[in-house]
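The letters A, B, C, D, E and F name the chains in turn, as written, and every chain counts its residues from 1.
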Amino acid sequence: MPSPEFKPTPEVLSGDTADIYFVRTIDILRKEKLNPVATMEVFGSRAGILCGIEEVKALLNEVLPKDNREVWALAEGDTISHKEVALRITAPYQSYGVYETSIVGMLSQTSGWATAARECAEAAGDIPLVSFGARHVHPSVAGVMDYAAVVGGCTGCSSIAGARLAGVEASGTIPHALIIVVGDTVEATMLFDKHMPPEVPRVSLVDTFKDEAEESLRVAEALRDKLQSVRLDTPSERGGVTVELVNEVRARLDQAGFGHVKIFVSGGVNPERIAHFLEREAPVDGFGVGSYISGAKPIDFTADLHEIEGKPVAKRGRIPGITPNPRLKRIL
Amino acid sequence: MPSPEFKPTPEVLSGDTADIYFVRTIDILRKEKLNPVATMEVFGSRAGILCGIEEVKALLNEVLPKDNREVWALAEGDTISHKEVALRITAPYQSYGVYETSIVGMLSQTSGWATAARECAEAAGDIPLVSFGARHVHPSVAGVMDYAAVVGGCTGCSSIAGARLAGVEASGTIPHALIIVVGDTVEATMLFDKHMPPEVPRVSLVDTFKDEAEESLRVAEALRDKLQSVRLDTPSERGGVTVELVNEVRARLDQAGFGHVKIFVSGGVNPERIAHFLEREAPVDGFGVGSYISGAKPIDFTADLHEIEGKPVAKRGRIPGITPNPRLKRIL
Amino acid sequence: MPSPEFKPTPEVLSGDTADIYFVRTIDILRKEKLNPVATMEVFGSRAGILCGIEEVKALLNEVLPKDNREVWALAEGDTISHKEVALRITAPYQSYGVYETSIVGMLSQTSGWATAARECAEAAGDIPLVSFGARHVHPSVAGVMDYAAVVGGCTGCSSIAGARLAGVEASGTIPHALIIVVGDTVEATMLFDKHMPPEVPRVSLVDTFKDEAEESLRVAEALRDKLQSVRLDTPSERGGVTVELVNEVRARLDQAGFGHVKIFVSGGVNPERIAHFLEREAPVDGFGVGSYISGAKPIDFTADLHEIEGKPVAKRGRIPGITPNPRLKRIL
Amino acid sequence: MPSPEFKPTPEVLSGDTADIYFVRTIDILRKEKLNPVATMEVFGSRAGILCGIEEVKALLNEVLPKDNREVWALAEGDTISHKEVALRITAPYQSYGVYETSIVGMLSQTSGWATAARECAEAAGDIPLVSFGARHVHPSVAGVMDYAAVVGGCTGCSSIAGARLAGVEASGTIPHALIIVVGDTVEATMLFDKHMPPEVPRVSLVDTFKDEAEESLRVAEALRDKLQSVRLDTPSERGGVTVELVNEVRARLDQAGFGHVKIFVSGGVNPERIAHFLEREAPVDGFGVGSYISGAKPIDFTADLHEIEGKPVAKRGRIPGITPNPRLKRIL
Amino acid sequence: MPSPEFKPTPEVLSGDTADIYFVRTIDILRKEKLNPVATMEVFGSRAGILCGIEEVKALLNEVLPKDNREVWALAEGDTISHKEVALRITAPYQSYGVYETSIVGMLSQTSGWATAARECAEAAGDIPLVSFGARHVHPSVAGVMDYAAVVGGCTGCSSIAGARLAGVEASGTIPHALIIVVGDTVEATMLFDKHMPPEVPRVSLVDTFKDEAEESLRVAEALRDKLQSVRLDTPSERGGVTVELVNEVRARLDQAGFGHVKIFVSGGVNPERIAHFLEREAPVDGFGVGSYISGAKPIDFTADLHEIEGKPVAKRGRIPGITPNPRLKRIL
Amino acid sequence: MPSPEFKPTPEVLSGDTADIYFVRTIDILRKEKLNPVATMEVFGSRAGILCGIEEVKALLNEVLPKDNREVWALAEGDTISHKEVALRITAPYQSYGVYETSIVGMLSQTSGWATAARECAEAAGDIPLVSFGARHVHPSVAGVMDYAAVVGGCTGCSSIAGARLAGVEASGTIPHALIIVVGDTVEATMLFDKHMPPEVPRVSLVDTFKDEAEESLRVAEALRDKLQSVRLDTPSERGGVTVELVNEVRARLDQAGFGHVKIFVSGGVNPERIAHFLEREAPVDGFGVGSYISGAKPIDFTADLHEIEGKPVAKRGRIPGITPNPRLKRIL
């Protein structure tokens, strides 16, 4: 599990990213000099993988009074069940009330991503998974999305920011763009090989100009032992990557003596597709997962006050007082 | 339509939010001194509302050489059809290749949000919609999410950052938290009234402690003419907000002489729910929309090179050369 | 199992409730002096719980010649399978032919009710069930409907006529009407307590004017130890009774020291709803079942002649002769 | 529309058929000397055909004080829409409160039957329908069921009690039982012809022993011009009555010169079946409808107090005060 | 419409292809000297296109006595409706009874094929269709299947026997086998061009070894004006032929100046696929249809006797006597 | 398993039944003097029962050079799995290339029939099945269809040609036609008995003119011990054959002392119907299966070249070289 250094941004600390009614609430309470010690509990709307708790902890550490606070939580990457309390904060309400929006936001979206990644990882078993979805989220969250993907079970990710947060090497192949600029897959792969440091794996993308099986043999003959993998990313206009295509590329590479070259599959990968490949025993050596993770629905988290100055309270529909959860550990 | 000032962040400009293979591609092309003028086209994977193009323009304006660039695009808030080209960049490839990840990311996620907002707005007709979903996305995108919601058709939003980007007033009611801290809905509403400047509308939240119809009458009697609206946000544990509840609260307010008090509905609002309320002629004066917008799937955008130094090219599955789209306007 | 005294009504005995063609048939046979000993078998169109056999027995006892009759049947409350013979009558045909309509009618409708009650009882296990559906059938059958519900497995019923037939105490709470006439739930409950004999349980209905949790606490504080139960009957306009509502009322009563107050649930109760409450472990102490039982489809019974003067006969589609069924017992 | 003489039974008048809590309510109110003029409104849970209002009127006429009562209602056989108020009673509450169970019971079950009959009648257009379901309800309601069927649109019914209430002649054919006792369809039909008065139509049942087409020709040849109809009631064990069977019997009768003999179809008849026969232009001259009507689910009616001594009231979920319905007519 | 010369085979004439019970029937009738003039009517079990009637006519012409026969029928290629009489034979029963099996067999299977072809033709409008399914039926019926396909609406077929029956030129491209034996698509196409007479269209198959777009350009450059079409037959293992593939091949051929080269699509073609291509305006110039036609379910035809020596008869379930059908024309 | 003598027809040998492009291919190869030893593999598109391999072997034996051929195959009646290689031919390509159409055609259609027959046989267990579908295929394949049905598991068939191929006695009952010509079922059955040799079983068809149960008793009384079976073939217009009908006919025959008479069921028989009869324990002694077998979709077989002169080759989508299948046995 990665243990990154999160630091609250000025926008969050200033309340800028908050719902305005929390800013107004704190304003009213200050004017009324009301600052009770309040206990807030936070739970998710469905089962999944918890993520974002490290970032929340970094924020709370900065805003809660050190001598009057108690924070209990589950850990980054823990499974959570439906409506299970994952975080409980006890502190003077004025110190943290304004951050409710940001706290549940951090948890909601990253837990959604981590949960989707976990589903892929469970389908894939031992086969490595790389998060490729940075291109489908806003760049402001590209890093934290890839981080959540690794928390959920990806072995790598493509964005530099995400890889840094997650403590892994960013990974990738050769983009279609380089091949198109250069004009030929083999030539582009050889330029890549010429300029990249030796520790960067040589992974060629083989669906740009020619049939994948034909192109796989061409790049294998050009780079021979230096070629680590070919990536199949056949577009839907050409029928996508099928089990039979993987089988055939594997067979043709083996027949030509390139048994060492691995096959990496991307394009529309999700748990069902992974299971489909595995059930039919397609010889896939790695998957790239894009929008199944990056486009995952957030797990909506909700925050409720359950005690005010030690007295059980709750809004209608909730049960007053602390909700027991022995899995929680004190983190602050 | 808002026309905000977007400014590329250092993380984007540095390539930090890019997929690493684009960084490597530019590195190789520089070493090989390959820098052809390349035309890249960007299109979305499904029909919807285009958003993010203003932010993309701000980025391109900063990175493309002023004397060798041509950028054509649809406008913020335009409808786009399936696979319609929404952006076309012609410039030396080294100047922008590394930003492909960020460009399609900006478009993908914000267009997803704007499209969901448009669906709600079409269902709601003249009835105002406020985006309430900031709490379910990471704070780094809370503002841009609310901005996209307004581009799509919301009349307001709850986050301060989003309201600033979208050029609207942030709006909101009273959170459950204030009522719970104060201990009574009427008392909390009166404190709100006491401290807030007169231009902030008095909207009371009436489902915290008592039956909504009873509480609506209590706050109306306390604030009388100053009360602008009551908000119904009944939790699912109490059956959610039903058409009949709205009708009854309306009738009871009217019978007690509070015909001026409006009814604002939130909680699980989406186009189907809005249509359900409207078909059955429930007297709703405004809706708050949360995760239907904030949790909307991105519209995945794809970028393809279609010309290199004026010569039509394309990868397999795409048609070489410029794709004609007379709707595009030159923006740079 | 209740063993009530049934007595054939003059309308039944006179043939008034018969299909006219049976009256004509007997008329013809008399004129022709045809009165063979005939064996009629009666079976139901689907599996279920047999009811009505006691009432049929009372009728046959009155009309069949004591010295020339043989009646075999299953017992009140027995399960029956698809098309299983549940009653076999052997006697001179003129003595009973005209009662075919009434005999199968008694069995059909009451077996339908009893079967629906049994489905609820199987779902509810040890939790008591009260039949509340008298209001949704014609008063002429309100009693026999409630009787059938008890035969099927209800522990009580609300109609006086039904309770007498079934040999149980009629049960009920306080109707909404009393609360509305009096104007307040607590006050109405206190009047009930003041005037009703001590053996009548104090069960308050808590959804009339205020939120159920709030009202439950109010009546509990007013009656304290004398309060036996609260009944939740939340209308669909307020979302109906949910598992969460039961949990919350339980928790709030317990927190206030009213652990002895039971919770009784009514409104739309059926086997699926009962199972839903039980699977999610809602602390329900009793259910009131209305139209699931009272509106149950009859089990259509059919009567066929299988022997005439000892000779096997049958219409097309049936097998001539006695249908063996070792479960039948001789009752007359 | 029939206008029968209904008379409240002693069981209803005594409160015996009431839910016990109404008896207790009246007891409490008497002891407290509370007898406000109260307005009760009654509405059905779904759209349909109103029935039972004549019987309710007869009851109210007997129990309400003549000088202090006002009753408004829709008429027997009127269509009602979802939750439309069909009956409004204003009178001292003690005079009628105990009859709530019986009033809504009368309306609920008979409206259910009438509505099902109407659905059949709408499907059948001009083709006569006879209610044959007396055998599948308890004899205590066989008459009122057949009455409701005629209110809904049947042209006749088989029970004597129902025919008397509905003001029609009871109708029927020859039962299977007579044919089996006699031993031959032709012989039984001839006995029927011998003994029945001339005004009773000769309708023979032709599926008992032989193929229907063969038997139809046999009885037609025996009775010739005196034969009015044949009834096809083929059991499901022989595939039921099909369109092709009706066509064939018609053709064979016509070819043999019995064009005057009508064809009457029974067995599993419901609106879908009727439509199926009519769409395929099967020459059916009449339908017998059994359990589709007799087993129809009641339309559950609900009674609510809306005014107490002229002051609007209502329980939660309902709107206080009189619900306007210009279709109501004063009946008492 | 083709008008082929059909000639009954010895196997059919000898009764060898008959059900044995017809042979026995004729044997019995001969021994009993029973040879009544009988009228047999033949109808299909569902609507469709009639085929096989020409072959049936050839058979009847040979077996029926010229001076005592009357045959009425619909024409080859006519539409028939559900159970419409399509053929009526009147002749001495011994002369044709044994051929019932063959007669209905000829009609059943060929009408099934013709009907499927018609469905394709209706979907395709003006676009030519070639029947390619000879390979999926037994060679004994390959010709008659292709004939039926042309009767139904195909413009051509691939089998030599079928083309002869249907009076068209057999058509086809180059099989994968030739390309594989030769080792290269371009080379194989050039050999085809070298040896085939000029009137045979040059249609190259472009999915054997390389990407279809690439190969299309290669063969077009080799044969230039002489190339009539390319055929896309992409296997399912490569995603089948997609609309996008057709568009891209069209665009690339056009961009290279080969606008005259047509595109012919095969592989899994059926009415839905044809409609899919046409709705999305894919530039297809011809379709090859295989197992949708060749694997079509027969339309089961039934033969019934309706008159014996002028007297109406029929088995149960059918109506005795001639069934009027003004569309029938006398053919013998 | 039958082992018939198949002999290639002149039409097949001449190439007349081939797709024309194979004829052209051989023409080109001859002119180019290209005649490599080629290996062709043949597999089916879905799992099933292999049939036609004996006929293919007879063809190959005649056309392949005896000194340069190797043919491996599965056996007639073997199960085959999805895409399993069922036949592998190695020989000079010119000797067999033109027969590809006929070879896969023989396998496709007969395997489809055999597979459908197997499904029926598996449902029927020990109960005999007779193929009755000759009347719904073209007479040119009636024999080979019945042969395939026996290969798949039928115990008999009705066509003379099929019985000869399959090495069984043709079986059948009495056609409706004989009964109609004679005018009475009993009379027709007695004529059958009078003229048929004693070894032909007396099976009477009992649904032509009268109710099946009645007619069964009539023929049983007429033929007594000589009656082997009755066949129930009730048309759909009379509801088809139901489980209850079989039970009743069985019961009535037994009650009349005809326990030896068997019941044979036909009309719409398929695996689901067979299972339906067996699950409900209907006393069926044999089934006649018609269009479920005769109308079965072919299993489309595909032929691919995998080696040319010992060198692995394949078209795109297939894997070059011999596909290992240890189940294959050398047959030539």
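Everything that follows uses one rule, which is that a contact is a pair of C-beta atoms (placed from the backbone, for glycine too) under 8 Å apart; a residue touches a chain by one contact, two chains touch by 3 or more.
Note that the structure is a prediction, hence the values are computed from the model and not measured.
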Touching subunit A and also subunit B, the following chains
C, E
If I average the CA coordinates per chain, which chain comes out farthest from subunit E?
C
Among the chains, which is located farthest from subunit D on the basis of C-alpha centroids?
A
When each of B-E, E-F or B-D is compared with A-B, the one sharing over half of the residue-numbered contact pairs turns out to be E-F
Residue numbers at the subunit A-subunit F contact, same meaning over half shared and different meaning under half, come out as different
Per the C-alpha means, the centres of subunit C and subunit F lie apart by a whole-Å value of 58
Interchain centroid distance [CA atoms averaged], subunit B/subunit F, Å:
65
Between subunit C and subunit D, what distance separates the C-alpha centroids? Give it in angstrom.
22
What parts of subunit A, by residue number, touch at least two of the other chains?
209-211, 234, 236-238, 244, 248, 316-318
Chain contact graph, described as a line, ring, star, complete graph or other shape
other
Chain pairs in mutual contact under the definition given at the outset
A-B, A-C, A-E, A-F, B-C, B-D, B-E, C-D, C-F, D-E, D-F, E-F
Using the touch definition from the top, list the residues of subunit F that touch subunit A in their complex.
312, 316-321
Which of the residues in subunit E come into contact with subunit A in the complex?
209-211, 214, 234, 236-240, 242, 244-245, 248
Of all residues in subunit C, which touch subunit D in the complex?
9, 11-12, 15-25, 27-29, 31-32, 34, 36, 38, 40, 52, 93, 97, 100-102, 104-106, 108-110, 112, 132, 134-144, 158-161, 163, 170-183, 191-192, 195-196, 200, 207-210, 234-238, 290-291, 294-295, 297-298, 300-301, 304-305, 308, 313-318
Of subunit D, residues touching subunit E in the complex
211, 213, 244, 247-248, 251-252, 255
